[in-house]
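Here is the structure we will look at, set down as structure tokens.
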Amino acid sequence: MERLLITGAAGQLGRVMRERLAPLGRTIRLADRAPLDPPGENEECVQCDLADRGAVNELVVGCDAIVHLGGISVERPFSEILDGNILGLYNLYEAARANNKPRILFASTNHTIGYYPQGERLGPNAPYRPDGLYGVSKCFGEALARMYFEKFGQETALVRIGSCLPEPVNYRMLSTWFSHDDFVSLTEAVFRVPVLGCPVIWGASANDAGWWDNSHVSWLGWRPKDNAEVFRQKVAENTPTPQPGDSLVRYQGGAFVDDPIY
Amino acid sequence: MERLLITGAAGQLGRVMRERLAPLGRTIRLADRAPLDPPGENEECVQCDLADRGAVNELVVGCDAIVHLGGISVERPFSEILDGNILGLYNLYEAARANNKPRILFASTNHTIGYYPQGERLGPNAPYRPDGLYGVSKCFGEALARMYFEKFGQETALVRIGSCLPEPVNYRMLSTWFSHDDFVSLTEAVFRVPVLGCPVIWGASANDAGWWDNSHVSWLGWRPKDNAEVFRQKVAENTPTPQPGDSLVRYQGGAFVDDPIY
Amino acid sequence: MERLLITGAAGQLGRVMRERLAPLGRTIRLADRAPLDPPGENEECVQCDLADRGAVNELVVGCDAIVHLGGISVERPFSEILDGNILGLYNLYEAARANNKPRILFASTNHTIGYYPQGERLGPNAPYRPDGLYGVSKCFGEALARMYFEKFGQETALVRIGSCLPEPVNYRMLSTWFSHDDFVSLTEAVFRVPVLGCPVIWGASANDAGWWDNSHVSWLGWRPKDNAEVFRQKVAENTPTPQPGDSLVRYQGGAFVDDPIY
Amino acid sequence: MERLLITGAAGQLGRVMRERLAPLGRTIRLADRAPLDPPGENEECVQCDLADRGAVNELVVGCDAIVHLGGISVERPFSEILDGNILGLYNLYEAARANNKPRILFASTNHTIGYYPQGERLGPNAPYRPDGLYGVSKCFGEALARMYFEKFGQETALVRIGSCLPEPVNYRMLSTWFSHDDFVSLTEAVFRVPVLGCPVIWGASANDAGWWDNSHVSWLGWRPKDNAEVFRQKVAENTPTPQPGDSLVRYQGGAFVDDPIY
Amino acid sequence: MERLLITGAAGQLGRVMRERLAPLGRTIRLADRAPLDPPGENEECVQCDLADRGAVNELVVGCDAIVHLGGISVERPFSEILDGNILGLYNLYEAARANNKPRILFASTNHTIGYYPQGERLGPNAPYRPDGLYGVSKCFGEALARMYFEKFGQETALVRIGSCLPEPVNYRMLSTWFSHDDFVSLTEAVFRVPVLGCPVIWGASANDAGWWDNSHVSWLGWRPKDNAEVFRQKVAENTPTPQPGDSLVRYQGGAFVDDPIY
Amino acid sequence: MERLLITGAAGQLGRVMRERLAPLGRTIRLADRAPLDPPGENEECVQCDLADRGAVNELVVGCDAIVHLGGISVERPFSEILDGNILGLYNLYEAARANNKPRILFASTNHTIGYYPQGERLGPNAPYRPDGLYGVSKCFGEALARMYFEKFGQETALVRIGSCLPEPVNYRMLSTWFSHDDFVSLTEAVFRVPVLGCPVIWGASANDAGWWDNSHVSWLGWRPKDNAEVFRQKVAENTPTPQPGDSLVRYQGGAFVDDPIY
């Protein structure tokens, strides 16, 4: 790819992906509302608020691929979610529409379906059961992306990220862990296939204890390689045994279901 | 019911329901951003912008049932949709949460699934295929209502209204027509059942040529009585024969799929 | 039919069916553990404990059709259920096997699936969710009948009776009512079809507010005619409005889910 | 319609439809391999062998609608089926392709699925289980029509005719009867809808004891009005009671499953 | 676990598990109707008839986990099945209810679905098709466990054991084999998960030729490791080639479908 | 096997299988319309036109297994397809019926479902969407085989071959490749199982990017070993990058959907 835009590049996941996705584009354009580390070779850094339509439009000019990690990624006051995940997403898609519709990998979330019990296997079409305003805003995002696909042919991978961390650190993540390596290989696959459409993809590694069925996107040719199971012993030793009533072991969204909303 | 709130009461559908739903509550509180006709007996009129959180909270105080017709109901610039259907809906649900959670009938729309071809029968769990920003905003609304149900027990009927007019006036409405009588009887059923939950309900009459399957809500005890078929001859005489390629006869959302977005 | 056996003929439903099913056979043999009213014309009365294998065998001799209403039909100590519904049913099927396998209508129950919420439509293959030992015993009965069908060709209609009363007398029965007329017409259909197999049939009238889907047995040519909806007003006037938390309006099995077990 | 072609017009069903479908077109062109009664007003009669590609092409010139009843409609030596239903159908579709693709109602058959047991409800996508070479040839026809639809946009209604007779004359037809009136109203609906596509439609009346589910074509706005049930008594009086093992009461295809093949 | 109860510990499978499951509990309590080998270190041995309610209650006191292998495990006279698998199971669940509801692994069986043909893949909700009274009794057991779960929160793993032997010894077992190692790892997983519920689990190894789909319990984090395929050559050499009509190669329950019942 | 017949043995795939399947039978009988290389040890060579019924009958005499690769395998004029794939197949099945019904592996094709988009996972019962007359003829073949199975017990494996070549040579084949080794192991499995029935089997290797779900035939005990993914780099280097609109990357049938028909 000529120029790959990564939004949210100053965030926790963004900083990792800044490094890991570098080989995918000749130029990597990095964006965030927060300050970014100075650009390295082949990097461009842009400070930009997603709620600023003009700025977002400029951000997208010249990009032929977007990994959209930007916006809010935990439960926050609705005004922040409104700006970052709703208005911000509309701005991004309008900018993409105006600029040759670069393919988008959209960081959606398992919190769109967080109220399902952990003992239930889900395919991509399970009705939404969001666990907070954050989750609701990602339902909006998936619906928006779908509409831009049907109306304008804009392609998006709707990646419902599980727990994208160096390793699983609690019991629930034995099911939801998404290793950095597997995120990278998924990103490669998403931008490699000639036709993408607008599929829901579960962003999770090949965890023995996983809940999510990706067989509907077998055609991507993506096979996650990591398995949270190898950390089970470590998790058992380092974290308290959860009680059967804990949301952490009852709901797919884990403790998010207990969050208040603002 | 002691006090039934009807929002959007100055709109086309709102004016009809103001009259038709009068028998359902001792007091009917009517609200709209636009001016309302003066209150009749047992009526209260409140001019109120849904984007004004404080005003919406006051509006809901003392109500034990809400028919929410307010907000934007066609394709409009996103800022209007953002205020009326996204921020406005959040305000309404926060107000409901703060005021004993009155049961809500939420006017959703078939435009959440407008891109399905007309030759396809849909149940309540068909994945979203919205046909514009308006439709996307109603996907948001349904997800928000679902979350308030799971997290707080707030009950809502998600009524995906077809074409709620005195009679069908084009070919597509032979399938989507929702008579005023059937809307009224559905409203009665929604507020009559002891337990409602948060079901999707197709808002359509018993049209021979219908596309939507309501068998999953048979337990409501609601049976629509009208049938658009009796108007087929009249529609054929009064409207041009549609071409096979027209969106009007190809998509469930009809001409909405052709609307630009702003 | 030459000789129709009705078991449980001294029970509440049995007494009704003794009268209503009389036209179906040249001779009606009536059985119960309790004393029966003296036989009328074309009637034979037999006092018989289902737990007595020899007696049950004699009871079945010469019958070419059985309506099995016998056994326990509410929550009772397990020893009674064991005798009447488990050992008793085994005895009945062994007797049928030894006596030319007369076709059986087996009175099963909605309490095999009583823990489903009222807002869920069920087909015949919904996994069991029994609401007490009584319900569990009927799961046993359905499984036993199925095995006799597969192994020996014994045909049985597994009729999951809803609420078979003169009229619905509480809110739940607006969904579960099974009128006597509809029971009779179902019985006729069951013994009329040349090939029956071993289907699950929901024993309910054509109630607007029904939960159960009988489309899989459309081939019976049975159409219930009654509709509990006509009693809604009367029920509303004569019974207390149920609270949303009441089992009566939450579970398909109603108050049975609250029964203790012994 | 300007000119409606009816093939197989000298056959049993063809003769009835020649009369009943006359109001649907300004001109009715009638074709058969066998001699036809002389043309009436607005009629054109053409003797034509479907295996003759040139003749079939001429037959279709100038027609804007086709009801294809021609070919073999019972089990016959394969050479006849090959000529009439395989080569003949290819000729018809090539002719349609060359002549503006008039919409086609194709008389398919329940014998494409004849080996299903009578106690099973079928939708349009039940895998084929043909009961003879005739049934196999209609599977070919449905597949051919589907391919012409996908490749060329040729629209066809694949009507799987049950038993299209004045009235049901045996036990099986209580389930499969398709009244002449209902055939006519279906034909009207097929040519009335602006967009047809290539759906499978079960050709059966609204029989209480029916097996086939047409809910997927509710959008046609077609509602059959007749019900074989009113003839049950008559059938019972005039035909021998079938034995449980008879194909007539075991298989949806009835006695066809017992036919030899040549 | 503090104290793990293993019932049926004198049986074929019980003796193996006595040894293999020893590491799972500080104390292992072993029970059987038949005499047991003398207790080893950390073992307690109790001779106990499951039909004796008082004895069963005492047996369960102080246990925090139960592996229930006890009762009848082949086709036997109904009186034995009634005592061991029906009354006995009720006694066990009543004892569990009275004693803090220790989690139970219940040895159910593939003979609950034995009449399915071998060429059919089954999930956990396939309707019962038991192949004898033994299979029927296990349908009872699964229904009973389900009811105790819904009513009292008692958790049970319903493990439908295939063929739990050192190695497969006939053709059918190439599909049904459940290695001792895989039984042990499943037991560990069942007692390790914080929330279990009451799932059906197919008790089979990772056999290439398997029929049963365990994807619905992926969340257990259990992956069987053995594969009967490695024994195919040995089976072919040591056993007669089955005829196509043999139950051994036609039915999932194998020769059980040929067993008489008593 | 005593004598294995391979038809189409002079074709591209036939020549490979002549060599690879040699170990499966004591005698291999090879047939083709075209001249064959002279017979080796244990080989019999027969030149034979499938449209010649008598010749086909003689061909089958004495064979106890058939791998039917004969007939047309690309888009050709309908007359050729009619002779080779329709009349020819009928002749083959009549010959099999007359000669002890040897088990048949029938080379069907993915072109029976070629119009499905590449981003859709298919099971065996996806409705046909053939992409040309060749594909339609294979739909006929599958239906014919099914009918012979139901009516006469003739067993057939309906193998929908993907791309059976030494290695994948374009982008689509990364999904459809069927290695020669995997074809051989499938053939072994098909003739090894005691009961086969008439299943659809997707003829494809274990490709990471595959579309087709073979879980319904897990009971075969067949596990493909090859994976086209190892050739991805090579394909990318040797073939032009496909455009998103190319049939090669849009349809499961690839470029076949663009073929004209004759």
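Letters A, B, C, D, E and F mark the chains as written, and numbering starts fresh at 1 in each.
Everything below uses one rule, namely that contacts are C-beta pairs under 8 Å (C-beta built on N, C-alpha and C of every residue); 3 or more make two chains touch, one makes a residue touch a chain.
Nothing here was measured: the structure is a model prediction, and the numbers come from that model.
Student: Fewest touch steps from subunit C to subunit F?
Tutor: Contact-graph shortest path, subunit C to subunit F, evaluates to 2.
Student: Which chains contact both subunit D and subunit F?
Tutor: Chains touching both subunit D and subunit F: none.
Student: Which of C-E, B-D or B-C has the same interface as D-F, meaning more than half of the contact pairs match by residue number?
Tutor: C-E
Student: Just the number, please: Cα centre separation of subunit A and subunit F in whole Å.
Tutor: 42
Student: Report, in whole Å, the distance between the mean C-alpha point of subunit A and the mean C-alpha point of subunit D.
Tutor: Chain centres of subunit A and subunit D, defined by C-alpha means, are spaced 52 Å apart.
Student: Measuring from the mean C-alpha position of subunit A to the mean C-alpha position of subunit B, what distance in angstrom results?
Tutor: Their C-alpha centroids are separated by 32 Å.
Student: Please list all residues of subunit B that touch 2 or more other chains.
Tutor: none
Student: Which pairs of chains touch one another in this structure?
Tutor: Result of the pairwise touch check is A-B, A-E, A-F, B-C, B-D, C-D, C-E, D-F, E-F.
Student: Touching residues of subunit B toward subunit A in the complex: what are they?
Tutor: For subunit B paired with subunit A, touching residues are 78, 82, 86-87, 90, 112, 115, 124-125, 127-133, 135-136, 139-140, 142-144, 146-147, 150-151, 257, 261.
Student: Could you list, by residue number, the parts of subunit A that touch subunit E in their complex?
Tutor: Going by the criterion above, the answer is residues 117-121, 171, 174-175, 207-211, 213, 229, 232, 241-244, 246, 249-250.
Student: Using the touch rule from the top, collect the residues of subunit D that touch subunit B in their complex.
Tutor: It comes out as residues 194-195, 197, 199, 215-223.
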